[in-house]
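Reading through the structure tokens given below for one structure.
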Amino acid sequence: MSAALLQVQNVSRCFGALRAVDGVSFEMGGDEIVGLIGPNGAGKTTLFEVISGFLAPDQGRIVFDGQDITGQPSHLLARRGIGRTFQIVQPFPELTVLQNVIAGVVGPNRAVADPAGEARAVLQRVKLDHRCDVLAGRLSLPEKKRLEVARALATRPRLLLLDEVMAGLTPTEINEMMAILRDLRRDGIALLIVEHVMRAIMSLSDRLVVMANGRKIAEGTPAQIANDPVVIEAYLGRRHHGAA
Amino acid sequence: MGHWIARVLMDILPLLPQTLADGILLGGVYAIVAVGLTLTFGVLRIVNFAHGDFLAVGLYLTYFCASFLGLDPYLSLFIVLPLVTLAASVTYRLLIAPILDEPERNQIVVSLGLSLILQNALLATFTADLRTIPSVMAGRVVRIGGMFLQTASLIACAASILVCLMLYLFLRRTERGRMIRAAAQDRDAALMCGVNVDRMYLLAFCIGVGSLGLVAPLIAPFSYASPSIGINYTLMAFIVVVLGSMGNFIGALLGGFIIGIAEAVGGLLTGGSVNFIIIYAIFTLFLLFRPEGLLGGRRL
Amino acid sequence: MMRPATIILFAVVCVAIPWLPPYGQHVVILVALYGALALAWNILGGMTGQMSLGHALYVGAGAYVSTVLFLKFGISPWLGLLAAVAAGGALGALLGFTVFRRRLSGVYFALVTLAIAEMALHVVSNWSFLGAANGLSIPSTPGVAAFQFSSKAAFCYVALGTVVIVSLVIWAIERSRLGYVFLTIRENESSAAALGIDVVQGKVIASAISGALAAMIGPIYANYVLFIDPESVFGVTLSIDALLFSFVGGLHAPLGPLLGAAVLVPLTEWLRGELTGHLAGLHLIIYGILLIGVMRLAPEGLAGLLSRLTGRRST
């Protein structure tokens, strides 16, 4: 594991009396795929929102590429190289697929020679280039999910946060998405994935971080996590302890 | 400087009680006009820029009843109120319900269009002349202390307080009211609990806009009918709703009184239409720095 | 936007102007001024998704800045035009900066802009230096230097020139990153932010550009009519017209607002001529019906309908 690209240090975030994220810490390197799992309401999406700058933490720090980015707004983090997708897909409905991705190319405000060309290349990677001129609002759900990934990719991220990209996909579509994601590692993009589709996240991830009730309850390889009684209990409840 | 203050005190102080009274009475009118908007916009989040124009329609109906049927506004109230409520329900079915799920700007545009239609239909039918409406209460004045208060104004103000309280109790204490609030807060959850969301929205919209059918006859004796008063009342109503905190009926009362007093006292202290500058400035400042209004609670 | 048909049509109009009767030229001037205003409004409204109900603020500011500079300080209206643009841009930036940082949008933004425009109207109405409610008259001193052209035709060209300037700005925006900034803000703010776009800054820039361009209308109108008063240049009717023409013409089409003005302004003039007396408000009823009709049946506006007829899609 190379030097940590992302360091989450004792991050907490409350909503009124609810501690959505409670003292979570972990690290990941620039060449890793890390999966973030846990039962519903564990605080995974909230943690995503904090890391990507949409929410500020009440406590703790986030360090990205050696820089303290705690509390910085999302657009600045996107320019630094943190990309994200949204749990409920949010394409730009009245823009074409190509325009959606071009937005990702030019968004971070760096000099780009051929935005349209770059956008097309990204679309080829997610196999959406045949739908370039279709209005994004008209796409099917799996296509919208791929567009979401493409758009985030276009910003040339170092770290990509993927929030349930597999939800609602058929098994075949899941396999396709998994292939696309594995491909990304070869370009040096680290992935932090929240996912409920177990086989996907177990197969993709180098490591897993498990959250429950806002806290991190376990961390390790998929094999370690699968047999961890604490994790099993969190998912299935006390009575199933040892039944796995 | 001291000389100026003395002069101001001498000229203005004696007029202050009457002005304050006028302001409170004016505020009562603003409050009762705004309370309907508190329900439709504050609770239901329906944007309706034609709110004031329904009041104008009500005023013209009152005028019609007075001129052609010889009915005093306090009697024609029983005709005008149902008619305006009917207009509200038709408006809801045809214009509002179909676009409830669409972006807010569509509601802005549709209600602006409706406002244009209503305003100019009234203009075409009745011309731009201001119409006064004859009533048994017109011109009757009550004297309290050194102040002269129009009887009809007092009645309207009392009605205003009553209506605000009634709506507050209705929303808070009755089954229907709870259903309306549920439907407004979370449509899907309310549906799953068996609330007929569509019906509740219709009911609330009809109460909110239909209330103007009550307001019109009440203010007819001391007001006038004109096609263009709609938009003035609409803007004032929005100001009162924001000031009084969204969805808060007591707040609407409070906000109404504050705006009324600001207009009256502002008019006394400054000349021309400077008092309106003050009111709009207050509104802007609230939107910018205290959007939750005077009484706090739900944010925008 | 740069379709050959558009350019040819424009060229035809330019050439035809000297041959039109004075009333026809007057209509061209009105179409051009309203069209330019609607195009300017649409930069903030249709492109960036922030519906302003108070754009008359900029027209009025431009008109009064230029007129007061001329009447009280003898400054040429040509410079006054530049001052108007600067004033409009500054106002737009200030308003945008104050309002958008507070996350005010949608109906609240509409209300705030309405209130601020009304405030401006009342401020001017009560300020004798600015002529108060009686307005300001500009003495007739025909001559190019005084921005008063002896022929209506000249005013036509100036007004059309304004349309060209605003259109060029829109064209430039569309081909640059700024265009994407505006469009993505309109479509989905949080997604835009996730792509590195500073949403608040984008809105402020849109407001400033929109205000600066809208302010151009003021001086031209002032020197054409030779009289301005608060109601005519700050009135809410003007603000609603800007929204109306853009909406009917097509919010998402680059020249949609111009199309809306080109259709509705002559229609209005014709109706106003045909119907007098208390039927004078009839054209506004039609506006109202159109607004609702377009919104429900043809949300892409006239431009969208046109595109569908000619087989192209407008974005």
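A, B and C are the chain letters, set down in written order, and residue numbers restart from 1 in every chain.
As a convention for this text, a residue touches a chain if its C-beta (ideal position, glycine included) is under 8 Å from a C-beta of that chain, and two chains touch if they have at least 3 such contacts.
Model, not experiment: these values are computed from the prediction.
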* Asked: Whose C-alpha centre lies nearest the centre of all protein C-alpha atoms?
  -> C
* Would you identify the chain whose Cα-based centre sits farthest away from the centre of subunit C? => A
* So what's the Cα centroid distance for subunit A and subunit C, whole Å? -> 44
* How far is the middle of subunit B from the middle of subunit C, if each middle is the mean of its Cα atoms, in Å? -> 32
* Asked: When the centre of a chain is set as the mean of its C-alpha atoms, what distance in Å lies between subunit A and subunit B?
  -> 49
* Structure fact -> The subunit C residues in contact with subunit B across the complex are 49, 51, 53, 98-99, 102, 104, 106-108, 110-112, 114-116, 118-119, 122-123, 125-126, 132-133, 236, 240, 243, 247, 277-282, 284-285, 287-292, 295-296
* Would you mind writing out the residues of subunit A in touch with subunit C in their complex? => 52-54, 73-76, 78-79, 83-84, 86, 90-96, 99, 102-104, 106-109, 151-152, 154-155
* To do: Provide the residue numbers of subunit C that touch subunit A in the complex, in ascending order.
  => 177, 180, 183-184, 186-188, 190-199, 252, 315
* **Residues of subunit B that touch subunit C when the two form their complex** => 47, 95, 98-99, 104-110, 112-121, 123-128, 227, 231, 235, 238-239, 242, 271-274, 276-277, 280-281, 283-284, 287-289, 291, 300
